[in-house]
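Take a look at these structures.
Below are two complexes that have subunit A in common, paired first with subunit B and then with subunit C.
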Partner chain A sequence: MSKRRSDWESRLQARFARWMREGFSGLDDEIMVSLRQETSETLPSEQMADDHREMADTRRYERGIALDRLAQYDLNAWVSRKGRRLLSRLYTVLAMSLGVLMIFFLLKTVAMMPRFGSPDTPMINEVTDRYIERGLQETGAVNIVAGMILDYRAFDTLGESTVLFIAACAVLILLRIDWDEKAGPALELIAEEWDDRHYEPKNDRILQASAMILTPIVLLFGIYVILNGHLSPGGGFSGGSIISAGLILYLNAFGFKKAGQFFTYRTFMWVSFSALMFYGLAKTYSFYCGANGLQSGIPLGIPGAILSSGLIMPLNIAVGMVVACTMYIFYALFRKGGL
Partner chain B sequence: MTFVHIVLLGMLIVCALSVSLTRNLLTSLIVYMSYSLIMAVIWMLMESPDLAITEAAVGAGITSVLFFVTLKKIHAIKGDSGREQAEK
Partner chain C sequence: MSLVHNFPFFSILLCMVSGIFTSVLKPRTAKWLTLAVAGASLVLNAFTLGLTLGLKDAYPFMMGHFPAPWGNEIRIGQLEALMATGLSAVVFIALAAGLYHTPTFVAEKKQNLYCIMIDLALAATLVMIYTNDLFTAYVFIEIMTIASCALVVVRQNGHTLVAATRYMVMNLLASGLVLLGISMLYGITGHLLMEPLHQAVLRIHESGRYAGPLTVVIALITAGLGIKSAMFPFHAWAPDTYAYAPPMSSAILSGVVSKAYLFLLIKFFWRVVGIDIVIQQQISQFLFFAGIAGMVLASVMAISQREIRRMVALSSVAQISYVYIGIGMGTEAGLAAALFQMLAHSAAKSLLFLSTWELVSVSGDHKRFRYLHGAGYRNVPAGIVFTVSAMSMVGIPFTGGFIAKIQLAAAGMPLGGWTTALVLIALALSTLLNAVYFLHTVVSIYRRRPENIEYALPEKQPRRIAAALFLSMMLTLYLGVGSGPIMRVIEAGLKMFT
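For the complex of A and B:
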């Protein structure tokens, strides 16, 4: 065994070197050489010697194959017995050390942070003072967070909405199953629908009854959160996700056919597009006026009234629409690959 | 640091450990949901209600629902229908 093994090792190395040099294995090389010899030396007088050589060639060839198999078997046995254990142990050790390292760094960072709520943190500087002192006067929003997100830092929010929209487009490209109107639904779509039905019985009485009561309340609460974004906690993003949660509940209870009556790709496209467009144009106008609420000509209104604080409420509505559509279409695409 | 804070933070740690240590994917997903909910309560106690609403809606709601759908797709939820299929 050991002799064979050493033989195989030298063989493998030699073959590997030859393979590196010429691009194919040494076994093929040997066969080629023997074939060339056969074609060049076919004199009748050397018939016996030729036969002899052929037999030797065949024997060598068979021996090569056997050795190859043996090597393969040895390798397989090593991989399945020792290699797997070694690899899993290595994986465990690496994962553990990486996790401990991450925990160490995070704890170090947390320990270096200033105490929660202490007045001498680096975050509390003249910017914060200005936001707190003049935020109400400049943005007209009672909820100072909404004033910051949608007025002082509205450009960031535009980027966030665009990122969500692009993510929805990417998921659409990856997960949508194509459906030709004339040819009828594709086979994959039928299979997905069957799978869906198999795992979740449709027309569940309890789910439908509770969805009938809950969906309007959830949608109303979402609209309330969006419309009162400048007065109370909340705003476009949270309100939009609440609305999309209500839509997903409706979709789960009543199925894709009923939900498709009011929400299609066209709806998604137009609502998201017009909301993002409106956001961009409104913010462009605001920046054109010097990013100042007082000079843009849009009245700020009385703080605390629902129609106040200039552009913040329409911008909240735009963000909410984008978020609601995006989350809903995420769910639909994940579940069935279409609407 | 009040008593409530300490209890909530301890629950966070327990949830985070059990998410990674449970074998059943469905169980770990539900524990993950509760993690988000506890986090929302903590945001509320730290006087940032905006974040609390978003955490509850996105972390506990939308993300978990997407995870559920994915688990269903890869047939990781073992209910009655899963047992039926195994019998077949």
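For the complex of A and C:
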């Protein structure tokens, strides 16, 4: 091989061409290539001298490698002893100062904002006026908040209930273990090990006795809050979380086996499915009528009566069912295992 | 009001309701339903586009019985309809080509949960495109956040879980910033609907009262949506997330989800704040420089990758930077170029992720370049489609990417001085870098396969995967060849946008 050729191998163009050919190769490969280059450049007449040179080369190479290893070892030791700690400390300091700076700026901004509740805030305008003054006639709900979220801005609330539903589904994707299957993906085979429902306290008499008394009361109260959502403070979101608190109390006292008798994965799916489906279809109909200027034919009733304010009460029930199921699912799944 | 006027509303509700309906279906039925819903959304939005082409101005659509400032409202113009049609098409193609592979990544019993996420991500995309109300946009940002994290985490191995955790943390931080921004904006204006918001912002700008909070609001919302759409300095989550998610999820995340956030940001700048104020607050300059830095540095990072999927993911960051340059110019031409780039990148990048997976799966699931040698012969359609979409990324003529780059350069011309020079130099440099890593990949998939590696025979795949890939390739080529009508729609749409 000619001199130009050996030079060519180590040049940038050649390395680029090699990269195009085979992607990255390790450093060792390149060193081996260059070593082979040097050894193959010999002529037969200079065999002896070459042997010497080769040996010297090899020795130099080995010494180089050894020095390199030593340096690398030192560097690694330093990094693992001090460097990493230094870096993480620097990172912490930077992150904290950024956070403090953000807090400072945001607090300063809050100080510049209009005062909450003062009569000249921009928030008091024709939008809120209509909600307060004509909310009762237009939606039939004594509770203006219920009228706002379930009638004026019902589309947002449909989105919010979907957020709850999709969050429950995401947690199911992440944490659900199908442990009744005989075979399947590896996840399910190690379910037994992951499943920590064996460690629950069982038959705690005090807890069970109080749960026996409290659970029905809590559930009834939740139902009351939902059904009166359009008449008094409360509604689907708050009532649903009260119901789920009752269910969680029952679960804690009596364990998964008993709770599983009335609440399984299928229960969750069907309850939230039917609730959201009702919400979606009812609102599709009502939006369609509203947008196209048609009469929806849903009576508003007498304000203050339990059966009044059009769709608000059924929608509150639907939202309450979704919220109760979702909260219960979160609790049940974060204990690892199924429902 | 004719029936077609209702179609955007139908497509949104159809996606939401069928997402809910999917939860009780069998996995197989669920997949077909999801595909059908994406197809229906494509058809409905295409009809809407046809309708809006004949209209003088965008029309509002009441979501409820009450008119706008009190009830919810969506607003439909040419631009919105075009984006909705384009993104629905991308979702449809991604599903058609990718659904066959879901059993590889998703456990049998979780497949309909996966389909729920896709349906609701599509619904959120449509709402974010059409909405005229900032709070509705936030509600659907939440849905999008959860759905996109679930799309990643559905594949449960170590890498994916770590990537998804990082993605979730960044995504939630961004949601928090956006929510803070929206609630502060409501505090200083008292409105959530975009037109009255714009009037109120103009009043604040003139009077100077609450001008400080206004700046903070613009910064917060920009940062939030920037993080979510993988804008350059905030892109740290993107490479891992796109590389370790199932390929169909990567296609949807990079092709559709990030575009929806970008479109919302454009809406916020042009319809809520007004671009003049954004320019005055120096925010658009920041976006411009972030874009310039992103398209060069992300490409450099992509060159140094050893795995094909991480390389494609980083090129996504570089391509998003083009959009930010267009937005940062602050001119109508720049915005038009940015919108075209969004469509072109959406079509080509989803294709890249899908075809990359096909190539990797015929190479024994190795993602290193040296194992991919000859993959273009082992799966011929995927090889062709990969080549074409890589050409679109580089900006070879007759592909969508070429037109986007030309438009961007043309939009940079009238700016004058060093800005023009910066745009042109950065575009040239970025094109060169793109060419280096994409053409390297194209060359390496058509090299002779190494003799010492034995690949298992690829299993027979249904024709529809290849058909869907080719269909999508046609879309990329159409964006390159027939860009005239689309640019006209974008320009006419921009007139009725603000």
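Rule of thumb we're sticking to: the second predicted complex is superposed on the first by the 239 of 339 C-alpha atoms of A that agree within 3 Å, B and C clash if a C-alpha of one lies under 4 Å from a C-alpha of the other, contacts with A are read in each partner's own complex, and residues count from 1 in each chain.
Heads up, the rule we're going with is that contacts are C-beta pairs under 8 Å (C-beta built on N, C-alpha and C of every residue); 3 or more make two chains touch, one makes a residue touch a chain.
Predicted model only: the values in this text are computed from it and were never measured.
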Do subunit B and subunit C fit side by side on subunit A after the overlay, or clash? fit
Going by the contact rule set out at the top, does A:M327 touch subunit B (first), subunit C (second), both, or neither? first
Is A:F262 contacted by the first partner subunit B, the second partner subunit C, both or neither? neither
Give one of first, second, both or neither to describe whether A:M112 is in contact with subunit B, with subunit C, with both, or with none. second
Does the superposition put A:F165 against subunit B (first), subunit C (second), both, or neither? second
Touching partner for A:I248 - first (subunit B), second (subunit C), both, neither: first
Counting touched residues of subunit A, say whether subunit B or subunit C comes out ahead. C
Overlay on shared chain A, then closest C-alpha pair between subunit B and subunit C (Å): 16
For subunit B, which residues are in contact with subunit A within the complex? 46, 48-50, 52-54, 57-58, 61-62, 65-66, 69-70, 72-73, 77, 79, 81
Touching residues on subunit A, where the partner in the complex is subunit C: 19-24, 105-106, 108-109, 112-114, 121-128, 130-131, 138, 151-156, 158-160, 162-163, 165-167, 169-170, 172-174, 176, 178, 184-185, 187-188, 269-270, 272-273, 276-277, 280-281, 283-284, 286-293, 296
Could you list, by residue number, the parts of subunit C that touch subunit A in their complex? 1, 6, 9, 13, 16-17, 19-21, 23-24, 61-66, 69-72, 107-110, 113-114, 116-117, 120, 127, 135-136, 139-140, 142-143, 146-147, 149-150, 153-154, 156, 180, 184, 186-191, 200, 210, 212-213, 216, 306, 368-370, 440, 443-444, 447
Subunit A residues touching subunit B - in the complex, by the definition given at the top: 116, 143, 145-146, 198-200, 225, 233-235, 237-238, 241-242, 244-245, 248, 327, 330-331, 334-335
